[in-house]
Structure formats: structure tokens, C-alpha cells
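The two complexes that follow have subunit A in common; it is paired with subunit B in the first and with subunit C in the second.
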Partner chain A sequence: MTDQQRGPAGAIHDIGYRHYDGPRLGPAYIRRALFLETLRGAFGLGRSARSKVMPLLLLAVMVLPALVVTVVTSYIGFDTLPLGYTEYVVTLQVVVTVFLGAQSPVVMSRDLRFRVAPLYFSRPLSRSQYVQAKYAGMVAALVVLMGLPLTLLLAGALLSKLPLDEQLPDYLRAMAGVLVFAFVLAGIGLVIAALTPRRGVGVAAVVGVLLVLSGIQATVRALAGELGNDTFTGYAGLLSPYPLVDGVTAGVFGADSSFGEGPPGALGALVFTAVAVLLVVVCYVVLLARYRKALS
Partner chain B sequence: MLIQTHDLTMQFGQVTAVSALSIDVSTGVTGLVGANGAGKSTLLKILLGLLPATKGSAHVLGLDVTTDGPAIRELVGYMPEHDCLPPDVSATEFVVHMGRMSGLPTTAARERAADILRHVGLYEERYRPMGGYSTGMRQRVKLAQALVHDPSLVLLDEPTNGLDPAGRDDMLALIQRIGTEFGISVIVTSHLLGELERVCDGLVVIDGGRLLRHSTTASVTAQTPMVTVEVDGEPTALQARLADAGVAARVDGKLLTVDVGDDTAYDLVRDVVAELDLGLVRLERQRHHMTEIFSSPGPRDD
Partner chain C sequence: MSGLAFNGTVASLTRRSLLGRKRTLVLALLPLALLALCIFARVLGGIDSGIERELSGRLAPDLLAAFGIAILMPLLGLIAGTGAIGPEIDEGSIVYLLAKPLNRYSIIVTKLVVAVGVVVGFGVLPVAVAGVVLTGEVGAVTVAFTVGALAAGVAYAAVFLLLAVASRNAVVLGLIYALIWESLVGGLVPGAQALSIQQWSLAVVERLLGDDASRLGVDAAVGLGTGLTLLVVVTVAATVYAGRRLQTLRLNDET
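After this line comes the complex of A and B, so read on.
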């Protein structure tokens, strides 16, 4: 292949090779760049049009009820929002679960399935920094998914002339809850996705695991309710991530539980928080272990 | 010195992938040749600081692979043997991202990506998702991502794998340009000895993780005092005249292989061809093919 045979572009080709003598930024910059790339990728930005459909559709579905609630509130003139901040995510948990199922493999399994991971590890970034960037990217994507409608809800409430001092505390509680949701769900989603690199399997596995946990939780809760054991009913929430985080939001931040029975007392709040933190730590450690092996 | 290893050994359980390897590689294009499973890829991973060696030491660009892994990986590019391209992003997006992953600021990464994609010969198609690329184009993108951060050294693992003969030639020409025009040292692996001899300045042959041969291509191929002569007409008359003058020559089909002890033999060939009124088509210095290295192996004990 000579440049001449290449047609018009050959003229540009002849500039010759230019060396790069600009700055080479360190691992902190690279980790931040990977974090942003992960966040963008989770919504299909910078990918093909087909990759954008699913995440943006789910984001729209997530935001739509907030818009409807806002419009109805201002039109009819309710003095409280018909769908509260802290129950919003739990009410729409199916959407969050599907998003997590659809996008965790995009964030995590993709690099394994197409064997891109060795390219990262042949660069200055360490494996733990890679995992941190991916985890943080997924957390941020979930915060956007859940936080955006809540923020719209707050804006709508204020536009409907509902008093700020009544709205803000619940909004902040819900946003704190969103953060905990994002850490717990991202951890679960990424671990499952990292262990199931094959196409399609990851999606099914993430959604499946969350649905099964949710089912078990509901069954145990119903049984305990039948037996009239309120304490046990409360602790049943530990079995599934949604009531678990809802319990943390209720117990620690003082929101109303969306599952009827929250964690019983201060001890319950402590147990729920401890389990949530432990879950996040375990997920992180499992991810590190997954990438500790020489991948190539 | 570009790469220095001393007594480098890598064991995976019972399997010894690299065994007491001591080599010094200087700048330029160096071929790393060995059969499949000879330990080439393992050696590259050790040099990148990704695999800790069981025993021995290795230095790349003066940096110790065990302690300076990140610093080495900042200055070295790596093109893996396997496919490593996500299908749903364009080559431009991908190479820009990989540039940033090597620490380039975004604007610099964009410029470098555009430059390097042009150098590897990817034009309009670089804006399309890579899922639709041919093997040749994919190899070019893989090469581009290894070069995007302007490394001092690139490690290319089987870059001609899966390419047709024309694609191989393109890739080899590109590798040669990287070594000469770009001024980037290259370590290129292959299980085919023949294709590397055209582009490499030096050669390391390993087998079963052991060093078989370590030499510069020049020393292997340049010293042979043989010249191939192709003439328009029967070479036998030429052979006879050369033999009269005391120069041994061997007829090989339409070609004549001449032993040239010293430079006067060239003049003799020219004069005789002129006297016989034959058309001189070609007078080419004959190089030993590297394949002969394998037929005269060094010490081994298996």
C-alpha cells in the first residue's frame, strides 16, 4: 500500500508522523475519564442509536409519572403531592430493576465479552481504579435515573405554590435514599453482570435475582403478618434491596416506610444500615476479586 | 537498552511458560518468533508489568517491571492478539477513549486519534460502528489504539493474524513505518518466521519458553555472499563463462545463483552478461531465509 494508491486522502497522509509532547495525566484523571465514559455509556451516549433506545426510554418512563403528578397537582390544586418523594422509587421499582438489568451488562460485561478489559489493564490504570470508576459510573447513572424525577417533582410542587419548607425535608430524605439505593443496586447489578459476561444472560440474571428476592421477601412478610409477628415482618425487608434501602431511609432519615412495616426501632435501623453497608462492601470486594485475575 | 531480561522465568503451576530467559533488545523493530504456546504472549505480559515473573528480572525502557508497572504502561502501547473491539462504537470514539485512558487530555486525544487512524489507513469508515469492520480494518484499529498516546515502544502480539496476503503486506509495511518514520520501537510477535525478516532489525526466537536464537536480522541475512542473477536468455552460457573465471555459480531454473567472494565478482557478472549480449533483468543480493534458523537450533534439552 502506497500513499498514492489511497486517493485524495493520501495528500493528508503525507504530513508525516507527529510526536506528542503534551501532558500525560495520571491515574486520577484516567479514573475520572472512565467514570464519565461509564456514566455516558449507561445512557447509550457515544454509542450507536440502538444502544440509546432502552436507557432513554426507561428514563422517560421514570420521569413521566413525576410530570403527571405535577400537572394534576397544579390543575386540581392538592395541598400535598399525591405521590410522595420517598415512595416514588419504590412505586416505580420495576423500572429501576429493568434499567439495572439492561445497563449493568452494558457497563460491566461488555468489556469482558468483547475482551476490551486487557486494553485498560495494559494502561496506567490499576484494576481497583478500574472497578472504582465503573462502580461510581453506575451509581451516578442510577442517581440520575431516580433523582431526576424527584427533582422534577419538587420543581412541580413549588410551581404549584406548595410551601418549600414542607417539601424540602422529604425531598432531601428521598434523595439521600436515592444515593443508598444507587450504591446497593449498582453493587448487585455489577457483580451479577461481571459474573455473567455472555450476551443476554446478564440482563436475565440481574432482573431474575431482584425479582426472586422481591418475591421471597413478600412471601416471608405475608407469612409473618399472618402469624402476627410485627418484629419479624419488619426484618423481612432485609431480604430484598428495595425494602432494605427503604428501611434505611425510614430508620435513619426518618421517612415513612413505603412497605407498611419498616425496621422496628433504633436497633432495626442499625441492622438495616449495617446490612446495606455490608452489601456494598461485599459487592466491591467481589468485583475487585473478579478483576484481580490476569484477564487476557 | 530498550528491554533487558535476566534469568526470567514464569511458571503457571506445573507449566513453565518462560524459562531462564536472558535477552537484551535494542531500539528498532524486533521480531519475537516462536510456535504457538512458545511463551511469546506471556513474555509480553511480563514486560507490561501485568504478570509478576516467578524468578528473574526484567527492565523496559530502564524501568523495573515489578515496581514501575504503571510508569511502563504509560510509555508502552500494547496490541493484543485477540479481538478487543466493542461493536457498537465507532473507531474514532474508541481510539479517543483509549487515548484518554492513557492519560491524554480530551482535546489531545481527539487530535491524536484522528492522526493515528489516518496513519494506519482508516478513513471515512472510522465514523461507523466497528461491528461492521473487516478483519483488516479491525487490526488497524487495534494498532491505532496501541499508538494513540505516542508510546516509546509498542508490543504487537500477532498483528498479521487472520489477514490475507495483501493485508499481511500492508500490516508489515505499517510496522516498518512505525519503526522508521514514526521512530517508535516495536516488538512484534509471530509464529511465522518468514514474514518478519522483511521488517525486523533484530530477532529473538523462543521455543518452549527458552531462547533459541538472539540476533540482529542484519547478522543473519546480510553476510551471505550470494547473488541471484536473472538474464534474458539461457543462463547456462553465463554459468560456464563465470566458472572459467573461477566464480562458482548454480543454475536454478531461469535464475543463476552466484557466489560472490568479493566485489570484483559483480563487475565480472556485468561484463560477461554484456559480452554474451544477454539482457540483465535482475541482480539481487540473496539473503538467507530466517527459516534456516529453525533447522539449525541452538542448545536445547528436551
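After this line comes the complex of A and C, so read on.
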């Protein structure tokens, strides 16, 4: 080979790479894709078989009582469901807690642990859009988790020839409650999970916080009941997310409180709603702040 | 079998991974919540004589059983038990420990001892203090619940340590056991309570309280013999099996 053939040093060669000149789908498309990926990822879809076991198992545990109630209702012929729509989620709150604990690190921590979050932000996707997509994905996953058994319950009730006009109002109340539950719980879970890149720690932290809060709430409620002060008993529900949202469902949508003592009067309903909204807003702001700074 | 001994280096490494500066603060929140609750109850007791009466009756044991044994112990056992070895296996740094000429059983025993230490420091001692705060004395209730909490804590730590060696989903599996099996299923299906660390340790509490147990509303689902035997068997078997699993640990099957 002569010097001539090798060409001058440092020349830029055109080796045939081409530009992309087609339409670009933009941030809205990325956000939608991220939302869908989060929702699917929360149930392990599009991930390995091992990652599917836990969320689908928990979904099954969540749905199972609804099926049992349906079968029992149609065989024995009750005229009401033995387990009502609005108390369903509260009765199975442990399952929801474990799901939230197991899956919010999946949604948040993996991007941090494998350091791929910066790659998202090198696309035309702002940090607030990233947080919105993740939050919306987790909310949707929780709505599926809690809404699916309720819908099955309604279907079962109708199949057992219970009248629709008696069932539907309670079902709608419960579904509205599910939406509030999803926003409040997803906020708490994601904030805690976003603080740690370690999966195990995130799981224990999310469940620990919810469990300790509900323990404190139950004890304070018992003490208040002992004191014989109904107002105090009602407001004790503010201490833990489940009675908080239950109070909102009872106070605003007019369901029966599943914790016995709901928020006291219109003022109580207002306070419960305000606290729930505030909680969601604070969680969102904390998430934004977490992702605004450098990630580690 | 000289390797079964406690290993100081492994212990200090484990202690450091369990109790970093920030992590200690987070862990301390659990017992602090318990103590705050007890002080709150005590203050209310000062205001209202009904609560004062209840505190020397059922309220104190109820609180200690519900918050101390049913919530604090499984959570701490989970954090300490899985935290002692789980992250190391997850990150793959366990290889450096396994490559040393150490008996694998000795690694497990050491990590268990450290985990139990954490459980005692952040769980059992606070339960003892809570008992004193609630009842105002170092009486039968305090002693019984402290011993019960210790028994539960040791068993939980051993079982969850095994889970961490055996599965990558250790934390979730542990939670499913502690919450769904012991609380939810145990509440609906009485038979499930026979297989519950919580009930076994309550059996210990019940016996230590003696004749007062029924007056104080402490009622375990199993007898003392069964409970104690199962506690010991489960703790020892979990530790031995964890050692075995560590001998044949498969690395790098991250999927």
C-alpha cells in the first residue's frame, strides 16, 4: 500500500451514515410511551417471568375475595353483597400496601440504580413530564389493582340478579374512592421509592411507613374511643392514608365509612379532602424536586 | 468445625452496612413512633381516669402486642435480616466474602448475631421502655412482652435472613408472610395462626403473664410447648439451611 492510497491523515470520510429527516413524535409521544411502560412494568409485563410473579400474584389475591363473594352470593341468594364495594379496598388494604411497596421501587428505583434516568432527560422530555408520566402510570396501575375486583363484584352482583339501581351508586362511590386512593398511595410510594436506588430498602420503607402509620392511627383511635370523644375519634383517621381516603369517600361521596367513625360533619369532610389533596400536591412537588437536581 | 465461630470482621462489615449514619436515623423512627404513642397514651391517662384504669388493665398489653410484636418485630426482623446479606448478594459483592477461607455457616451465624443485635437495640429495648412508660413499673407485663419481643425478633431475623439468601424477592416474600399470612389470613382462618411467629411468641408472653393473661386479654393461638419448640426449631433450621444455601449460592443470575 502506498501513501497515496491511504489518503491524507485526519480527513473526514463519508461512510454512509444518514440523517433522519422524517417526522419526530415529540415529548407527548415519549410521555405516552413512558406512561404505558410504567403501567405495564408495574404488573411485570414486558419484563422477565420472574418479575411477573409478584405483581400478578398480588393481583390474584386482590381479585380472589371478589370471586368468592360473587359465588357465595349467587348460590346462597343474599339480597345484598356480604362484602360491600366501599369497604372492599379497606378490608384488603394489606394487599394494596404490599403491592405498592413491591412495585413503586420497580417504577422509580430501577432508572436510578442502572443510571438510565439521564438518558431519558437527554431526549426532549422535561423532568416534570417524566415525573408526571411515572406518577400517572403508578396511579393507573393502582386503579387497575383496586378497580378490577370491584368491577368483578358488580358483574357478579348483577349475575346474581341483584337490582342494578341498588348496586350502581355504591359501585361508583367505591370507584371514585379508588381514584383518590390511587393518587394518595402512588404519591407516598413513589416519593419514598425515589429516595433510594436500592430495591429491598425501598420495599421495606414504603410498607414500613404505611404500616406504622396505620398502627399509630389504630392506637390513637382506640385511645380516643376510650376517652369517649367522637370528634377526636373521627379526626384520628387523618393519621393514616387508608382511613384518610375512606373519610373522603364517606364525607364527599356519601359512602358508609369502613372504619366505623367517619369524619365529623361537613367540616370534617372538608378537612379530610384538604389533607388528601395537600398530600398529593406535596408528594408531586417532592418528586419534582428530587428529579430537578443531579441524580444519584 | 473450627469455622462455626463468630467472626469479628464480618460482624463489623455487616454492622456498618446495616447502620450507616442516615440508616440509623431511619431505623430509629420505628421505635420512636412506638415510644411517642406510649407517651401519648400515658398523657391521656393523666387527663382521663378511665384510660388510667385501662392502662393497668388491657390497654397496655393490647398496645404492646399490636404495635410492638405485630408491627415492630416483623418490620425490624425484615430490615435487619434481609439487610444483613441481601444487598451484598444483589450487588455481587458477596463474592469477595465467599472467596475468603471462611466457613459459610460462620458467615450466616455472624450476620444473624448482628441482625439480632439491631433488632434488640431498635425493637426489644424500646418495647421494654414502652412497657415501663405504659404501666409505670417494671412489672410482669413489661418483662413478659420484652421476652416475647426478643423471641419473635430472633425468629423473624433468622427466617428473613434465610429468605434473603434463598430469593431475590426476599423483602416482598417476607412482607407477604408477615402481613398477609399472619395478619390477614390468620385473622380469617384460625388454623393459619398455628404457623405464625407472632402467635408463638404470644404464647411465651401468655405463659410469663401466668394467671393474669386472660384478664389482660393476651390469648395465643398455640400452647407454650408448641410455641417454644416451633420458635427454636424454626430459628435453628432457618440458620442451618441458610448456611447450606450459601454454600451452593448461584451468582450472576440477574434476569
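In this section, the second predicted complex is superposed on the first by the 273 of 296 C-alpha atoms of A that agree within 3 Å, B and C clash if a C-alpha of one lies under 4 Å from a C-alpha of the other, contacts with A are read in each partner's own complex, and residues count from 1 in each chain.
Following the convention adopted for this analysis, a contact is a pair of C-beta atoms (placed from the backbone, for glycine too) under 8 Å apart; a residue touches a chain by one contact, two chains touch by 3 or more.
From a predicted model like this one, the values you see are computed outputs, not experimental measurements.
Student: With the two complexes superposed on chain A, say which partner A:178 touches: subunit B (first), subunit C (second), both, or neither.
Tutor: A:178 contacts neither subunit B nor subunit C.
Student: For A:18, using the defined touch cut-off, is the partner it touches subunit B, subunit C, both, or neither? Pick first, second, both or neither.
Tutor: After superposing on A, A:18 lies in contact with subunit B but is clear of subunit C.
Student: Examine A:194 and indicate which partner it touches, taking first as subunit B and second as subunit C; both and neither are also allowed.
Tutor: A:194: touches no partner chain.
Student: Between subunit B (first) and subunit C (second), which, if any, makes contact with A:144: first, second, both or neither?
Tutor: neither
Student: Thinking of the overlay built on chain A, is A:211 touched by subunit B (first), by subunit C (second), by both, or by neither?
Tutor: Second partner only.
Student: Quick one: classify A:122 as touching subunit B (first), subunit C (second), both or neither.
Tutor: first
Student: May I ask you to decide whether A:50 touches subunit B, subunit C, both, or neither, giving the answer as first, second, both or neither?
Tutor: both
Student: Who contacts more of subunit A, subunit B or subunit C?
Tutor: B
Student: Looking at subunit A, which of its residues have contacts with both subunit B and subunit C?
Tutor: Looking at subunit A, the two contact sets intersect at 48, 50.
Student: Where on subunit C is subunit A touching in the complex?
Tutor: So the residues of subunit C in touch with subunit A come to 26, 29-30, 33, 37, 40-41, 44, 47-48, 50-51, 54, 59, 62-63, 66-67, 71, 75, 78-79, 82-83, 86-87, 90, 168-172, 175-176, 179-180, 183-184, 255.
Student: Residue numbers of subunit A touching subunit B in their complex, please.
Tutor: It is residues 1, 6, 9, 12-13, 16-20, 22-27, 29-30, 33-34, 37, 46-48, 50-51, 110-111, 114-116, 118-126, 294, 296 of subunit A that touch subunit B.
Student: Given the complex with subunit A, which residues does subunit B contribute to the contact?
Tutor: Its residues touching subunit A are 41, 45, 48, 50-51, 70-71, 73-74, 76, 78, 80, 82-89, 93, 97-98, 100-106, 108, 112, 115, 118-119, 121, 123, 129, 145, 149-150, 169-170, 173, 177, 181-183.
Student: How about subunit A: which of its residues touch subunit C in the complex?
Tutor: Residue list for subunit A touching subunit C: 48, 50, 53-54, 61, 92, 94-95, 97-98, 101-102, 198-201, 203-205, 207-208, 211-212, 215-216, 218-220, 222-223, 226-228.
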